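Got a structure for you, written out below as structure tokens; questions coming shortly.
Naming follows writing order (A, B, C and D), and every chain is counted from residue 1.
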Amino acid sequence: MAKRCVPVTVRWSDMDAFGHVNNVQVLRLLEEVRVHAFEDLRDHGGPSLLESGVVVARHEVEYLAPLVWRLAPVPTDIWITAVGGASFEVGYEIYDAVDGAAGGGGGGPAAGGERTVYVRAATTCVAYDLATGAARRLSATEREVLESWTDEPVPFRRRSR
Amino acid sequence: MAKRCVPVTVRWSDMDAFGHVNNVQVLRLLEEVRVHAFEDLRDHGGPSLLESGVVVARHEVEYLAPLVWRLAPVPTDIWITAVGGASFEVGYEIYDAVDGAAGGGGGGPAAGGERTVYVRAATTCVAYDLATGAARRLSATEREVLESWTDEPVPFRRRSR
Amino acid sequence: MAKRCVPVTVRWSDMDAFGHVNNVQVLRLLEEVRVHAFEDLRDHGGPSLLESGVVVARHEVEYLAPLVWRLAPVPTDIWITAVGGASFEVGYEIYDAVDGAAGGGGGGPAAGGERTVYVRAATTCVAYDLATGAARRLSATEREVLESWTDEPVPFRRRSR
Amino acid sequence: MAKRCVPVTVRWSDMDAFGHVNNVQVLRLLEEVRVHAFEDLRDHGGPSLLESGVVVARHEVEYLAPLVWRLAPVPTDIWITAVGGASFEVGYEIYDAVDGAAGGGGGGPAAGGERTVYVRAATTCVAYDLATGAARRLSATEREVLESWTDEPVPFRRRSR
């Protein structure tokens, strides 16, 4: 319920010499999704995390299928997986719906259908005080909004050793 | 012993609007380190992993201190943490030596000194057959060379939930 | 008449350490505009210039006002300024309408109002045969479609010496 | 005489899906060359143009031959073509020496040999006051140093209409 979908624009230049969206550029796409979701947070009465300061402390990314460049934006789910005192974790999934790349249309409910998942990822964000340059605690409002977005942990397939 | 140091050039444009090297660009730097190390592998009688095909299946990155742009390349250790039948894991550490950013000079051994670590990361690479577009097994030579580079697991501080 | 407007998405990361959209990333935005316009050409019965092969031979770019990052896409006009036997020139203007995207407000009709122009640019594209790796002549269909898009030369302010 | 050569590192990711260094990334390489030359200026007793503020007002770039990625840095000449009251023009040439970096062999002295030129470009830089956010005049020292670097105009092959 708390997941939201942010369609993200892939640039032609996100492809590398192998003709697929480069694995590093996938993180760039996720940054865009995060920026849009954080601004969306402000529109919903929350604080702007961009302005109040947030720093990336950790990324974990799993590439499940090659993402191919296309003109239409790619749907990406973004949600919160955990909220701590001074940090929170973001989950993402880049995918295509079962009936096609560009919004499908295709009638029918995807009964039994499964989405094609290209990427799953998690980011640990640490609240940061721009003035002092140090970590800070999340405000009550920030915690409240972030918790209202919380959903399942990212279902990673493999974990590093 | 098996770790090797690849100095990597940071571009001015790797900084983002916050004035630090952007977290996504850190992955770009690690890609460069990997490419140089893989070519180095060829020079030492091994295969060129770039040519025979390798795909990134997973990244895990931990940001420990802000990396600031400078003209001189930043030392980065790269090594292998595990070799499987069709994949292998790469470890990295971006750091500065204890006596300074640009190669120090400073005579003496850094007795008791510790390096400043900016980033630790791990990448899972899957061998890939460019012709068939499918995963493939590592060759005996590839395994041999990769195993000779093997060193400790990446000492991550925190793991995601 | 022949100019078309392609709204282009600016990424947060297009800003550099000075907090403005980096001058090089402006060229990246123009590449995206070009790619979208070229695909649009295909949709209108023309050839896909991306597939049949086009190479950039020259860019000229004039930066007139700092472009600031925002969530909403930035309107960009693109048109053709000249068509030759094996090449053609593209013109662009990145702007905000007078009561525009960034700050809007302004009620009044833009009677006599002027747009804020951030960038004007021109690109020389050379038709290219992907198979032979050599320049080629534009086909009759390509010329016809490109000519139907032709409009005024780019009104650059200053020229290099 | 006043031209200086700055070898610039090309990243694997500077290639696009066509397998050549992307035309926009060429501008990125030139930015790096400029940054290094400007810092070099400081080392020679001049001001740091990066710190005192310089803004790019115009680029003109000519692509003469495809630049292919390689591990070794690519030699790039940079020099000043004109100095005005509040601005100056930079010229560049990216090239390989006649018995050059990429494949060398050669042997013989380059008697009468010519370099392979990949790119020629010019950038107009405007002095900028970071505090007031407005253009400013070049200082006497800045003019003096820049004039000592002055050399021929960039020998562009074609000019736009």
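Keep this in mind: a contact is a pair of C-beta atoms (placed from the backbone, for glycine too) under 8 Å apart; a residue touches a chain by one contact, two chains touch by 3 or more.
This one's a predicted model, so the numbers in the text were calculated from it and none came from an experiment.
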Taking each chain's centre as the mean of its CA atoms, which one is farthest from the centre of subunit B? C
Distance from the CA centroid of subunit C to that of subunit D, rounded to the nearest Å? 24
Where the centres are mean C-alpha positions, what is the separation of subunit A from subunit D, in Å? 38
Hey, what residues on subunit C touch two or more of the other chains? 12-13, 24, 28, 31
How are the chains arranged in terms of who touches whom: line, ring, star, complete or other? complete
Listed in rising order, subunit C residues that touch subunit A in their complex are 9, 11-13, 28, 31-32, 35-36, 39, 71
Of subunit C, residues touching subunit B in the complex: 12-13, 15-17, 19, 22, 24, 69
Subunit C to subunit D touching residues, read off their complex: 23-24, 27-28, 31, 55-63, 81-82, 89, 122, 124, 153-154, 158, 160-161
